[in-house]
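In the two complexes below, chain A is the common chain; its partner is chain B in one and chain C in the other.
And now, the complex of A and B:
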């Protein structure tokens, strides 16, 4: 082993020496510019693969969205348009049935669905994740086991989880959840199938969202809790601080930067909900025969993309820009609030 | 309040099952109202002892008494202690005021009284005007004061300080030393502090406990311990520059080293390790002659190096007595300053 390490050491020196000689030779013959590149040039070379991919798949589509949104009657097949408009596509999208305003009393809109998911599932999953992380931190035996259990959803395919959820919440006494409820004498509930009410279906959707999001949050919170200096807890123990006060006065403030980061990314993530709707309710985005929809904004955007009527691409672009604006606004608000609430 | 440790032992067992006796059968009585230093090299078990007194570590064996109450199995918050951590452990997200108030919020006292106590403590430690700051905006010394105020605000029976000065720079350390001593005098609280710095321990404590490998070496007042070390370890640990240890031979009540007559001692004939403090030498025309290897004139004193019986010896003598450029000098050892130790055990044989 030692001999091998010695050989590697000398090999590295030999290689360095070889390149050094080439460099010296070039510099001596006034060809130094071939090897002495400016630092920024090297940086550009190293960054280029990522930049090219980001350019094609992120920056170009963003610019393109702003281009598409001013077209009228854009036909993606031949690239023809019938005219230009500044706000026409936005007005079309916003006034469209089911985007913001439900089309009739029994129906929901994609905006309402998305907001419900964001404002219910994000706070709940944050609180639950914090509590689980704190609990995990305080147990010693089986810690690794529980950490793995809670992390499993993160490495499991979202569609698979959704299908399992849909199966668990089947109607009648066939579904696992109904079976469990049956033990307590509760009659079978129709959760996600034909005849399910809006809030029951939404409940399953939110539960899915919370559960799927827990894994990452628990991991981040647990790591940051473990990073807190033990002496803070010892000091609190000497003062006889109750557990609930230790949690609210020490643990939470000390990991507040992490909580804030997770809050922002979770809100953005929840606005982009799409997988779970597809996985639980299928392509229709609603229980069979229901008069309401459970589609989200992103689902709605995909609907336009899949429907190749001229002009639809512009509508998809308009709705993505609306979504972008909402997320931007909310993030700015959170940043403002965070400045006051987040320590250090 | 008096603190008694009886047969206190802490054994740490690592993953491979190997045992480390961090604290070994410690029996110490700490008098009420005194400032006590737990002194020893790093890894000697002094912090572990402190944490066991605090209740943050469970002793493997032995008992701890506060006055007449046994507290060995009592939870930390029920012991009535204040603890200042080495890095202070101030809550970074709370202001100084909130930090000092924190322990009081768990007690059942009136709000007005709590506020009054916070101000009283803040003024006692001299940070009355910094209450609105966060710990990050304070200097090390100020943080230290906040930590002491936080520990004292509950009016604990015992104040424990874990290496309180190790995170401060040299000048602040001197200042905080005196501050700690003053605060302890004013409150009259029994205080135990841990340090590896013998000078620090000697300068402020009423009593010192020297530990090595978890074993008690000596408990005494600082100067008493310095003058009369119980064993070679204590002799070597105290003093800067350190004590010189040479090999000497006693013949009929006279100590010789390298055939030079060092002094008169009361000990049986034989060979002994001899401890001689650098400042206990003096220039004496009647004394033994040494060849000077190095001479450093440092103002009032002169530090001289010479060889005695094969050992390098440093001595601090009066500058007036050593001529600049002198090659040889005659020395003797001051009265009662020759420490003879047992060759095997290292424990003291005689101080002459």
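And now, the complex of A and C:
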């Protein structure tokens, strides 16, 4: 064993000495820069794996999206185009049926759907998450257990639970929700299948959105509530302040920067709703036989991508730039408000 | 004396953990054996009767002849044992590895007793006996008395509890004290009501969160009739009625075994790639000084704002025939795995996260190492990575979970090339796009679809329970969505 060790060591020293000799030789002959790399070169070596990948799959696509958007009739199969246009693709997207304006009064548009999801599911999930976080903060026994349970949806697969939700809301047979409602004497309701009305289908979608979004928000809110200085609460307790006032005058204002940050990120997240729609309603993005659509903006973008007609990629790029513009606007608002820090 | 006792409980605990491990292996082997002999009913020589999976068979096992319900019961028990004992094993192992003498308290001993009961329930008498014995060793260490002393201490404790109540019935008070007492009683009542309401609210919300999981597990073990046709589905399910054959049908007949293998391949390689590129890049951003470091970093942070859809359009062109030609070139040249792995071998948010962690490591350490002639690479591998290993581990777990859940990109990629692409489906894609319809009909076999969903979810939940701390810390600290 020792012999082996010695042999290894001497081999190692021999290799080291050999390289050392090469180094000395190079330095003597003014070729030192070959072995004594400058710092920036080292940085390049360390950064290159990540940077090459990011360059190909992140930075180039951003540039390319703006290139695609000025092409007319771009054919991805052979790379040919029929012409250039500055705003043509944007105009095509915006004026297309069901993007912003519904094509008929029974219809809905992807913009309306997305906005409904944003304006209903985000505030609701924020409020519920805030209440749960406050309640969690006020208890001691079973706190860890509840925390774990509430965090579960975060690690699950969006498609899986979407399928389960669709199954739970089945109407004909084997539907759990209708069975539960039946206990209270409510007649079976058609939620997500043929014959479901827009708002019932939307209800399921929003409920699923809330279910999936709670975990992250509760987690963040709880962390920031725990970070509040206990002195405020002690002072309020001495004054005999009621709990509701403590909540509205101490807890909420003190974590308002976090609330605002979460608000913006969840609005952005809600704008990007896609998985839940496809999980619950399938590739058509709507209940079978319905005259309306439940597609969202992102759904719309992937529709273009899946359908490889020439010119569609440009339209996809145009609509994703529209989405990006919305997100950019929201982020700017967040930065402006965040700077002022008006939370008391 | 104390040190000896501590060493004793530790040695005992190590032995117990060893036995636990043995039993976990036993459970797994048993499960694999019994699950392996579950028979899929055949319609004829080649097709499986998917609509009537719940047929009764007689199996020859080493336990003698077993009928289907008995076999199902055994498998159910083994699965329950596994789901309880595997996370517990990891927890015990971590605890016994890191324990210090000051942690030994009466509460610590009580938890040991509790785990002993769990061991007993999972048919592991050896661990249970050792744990019970160890409880009293720990008690001796914490309180100074063993089993006999414990029995003796019960009496005085009971007396103390009962004595308190007697004391409360005090003699007469003056008016002020009475008023005060009344107030205190009212406040206690208010507090109790508030606590009840709080717990009620929390429990209701927890049920709301749990129901989909519960319904998924229950449905995945039902037969076709109860899951799809029955207008009044049963809410509970007995151990013997659990149709484990559903899982077998999903794995073998609906090819989910292949899809899981694909997903694991993609998860493994993309995670390794991500870890390597992330470590090097965040080291460069945290410790190396070069021109434009902050500029490049802020540009990277800014791109986090851009929606993924914008990249996907171009990336799709990049990997297809006109770009790298990984997909869409026909059966011979298609390399779906490359297309699914390479774009996800790095991540800006993880670079950001790890850089923050690297930056916290004191600069003086770096200077000292440099003075001693330590190269940057050596410093990175010998100092930085060990210090930041919890963060790197968190990134690993989050990335594996992310690849396990990947849907949009793999779906887009494997949609190219028809059935050829279907061989490379990842599980989420297969869940959405695989055909769960009853052969020759358009009715969805929900028991199988939901069983496939459970197959996707259960490993995730197990990983979550085992590494809960890492995952929750990672998300809490980075404050970003994965």
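By our rule, the second predicted complex is superposed on the first by the 275 of 344 C-alpha atoms of A that agree within 3 Å, B and C clash if a C-alpha of one lies under 4 Å from a C-alpha of the other, contacts with A are read in each partner's own complex, and residues count from 1 in each chain.
In this section, a contact is a pair of C-beta atoms (placed from the backbone, for glycine too) under 8 Å apart; a residue touches a chain by one contact, two chains touch by 3 or more.
Please read all numbers here as calculations on a predicted model, not as lab measurements.
Chemist: Applying the document's definition of touch, where does A:247 land relative to chain B and chain C: first, second, both, or neither?
Modeler: neither
Chemist: So, does A:256 touch the first partner chain B, the second partner chain C, both, or neither?
Modeler: Only chain B; A:256 stays clear of chain C.
Chemist: In the superposed arrangement, does A:238 touch chain B (first), chain C (second), both or neither?
Modeler: A:238 contacts chain B only, not chain C.
Chemist: Could you look at A:51 and tell me whether it touches chain B, chain C, both or neither (first, second, both, neither)?
Modeler: second
Chemist: Who wins on chain A residues touched, chain B or chain C?
Modeler: C
Chemist: Between chain B (first) and chain C (second), which does A:203 come into contact with in this model arrangement: first, second, both, or neither?
Modeler: In the superposition, A:203 touches no partner, neither chain B nor chain C.
Chemist: Applying the touch criterion given at the start, work out whether A:331 contacts chain B, chain C, both or neither, answering first, second, both or neither.
Modeler: In the superposition, A:331 contacts chain C only.
Chemist: Determine where on chain A the residues touched by chain B overlap those touched by chain C, and list them.
Modeler: No residue of chain A touches both chain B and chain C.
Chemist: What residues on chain A touch chain B, complex-wise?
Modeler: 229, 231-232, 234-242, 245, 249-250, 253-254, 256, 343-344
Chemist: How about chain C: which of its residues touch chain A in the complex?
Modeler: The touching residues are 194-195, 198-199, 201-202, 205-206, 208-213, 215-216, 219, 226-233, 235, 276-278, 280-281, 283-285, 288-291, 293, 296, 300, 303, 305-318, 320-322, 342-343, 345-346, 348, 351, 376, 401, 404-405, 407-408, 412, 415, 427-428, 431-432, 446, 449-450, 453-454, 456-457, 460-461, 463-465, 468, 471-472, 475-476, 479, 481.
Chemist: Give every residue of chain B touching chain A within the complex, in rising order.
Modeler: 54-56, 75-78, 81-83, 85, 87, 89, 91-94, 102-103, 105-106, 136, 150, 154
Chemist: Enumerate the contact residues on chain A facing chain C in the complex.
Modeler: 39-40, 42-43, 46-47, 49-51, 53-54, 56-62, 64-65, 68, 76-79, 128, 131-132, 135-136, 138-139, 142, 146-161, 163-165, 167-168, 172-176, 179, 211, 214, 216, 219-220, 223, 243, 265, 269, 272, 274-275, 278-279, 282, 298, 301-302, 305-306, 313, 316-317, 320-321, 323-324, 327-328, 331
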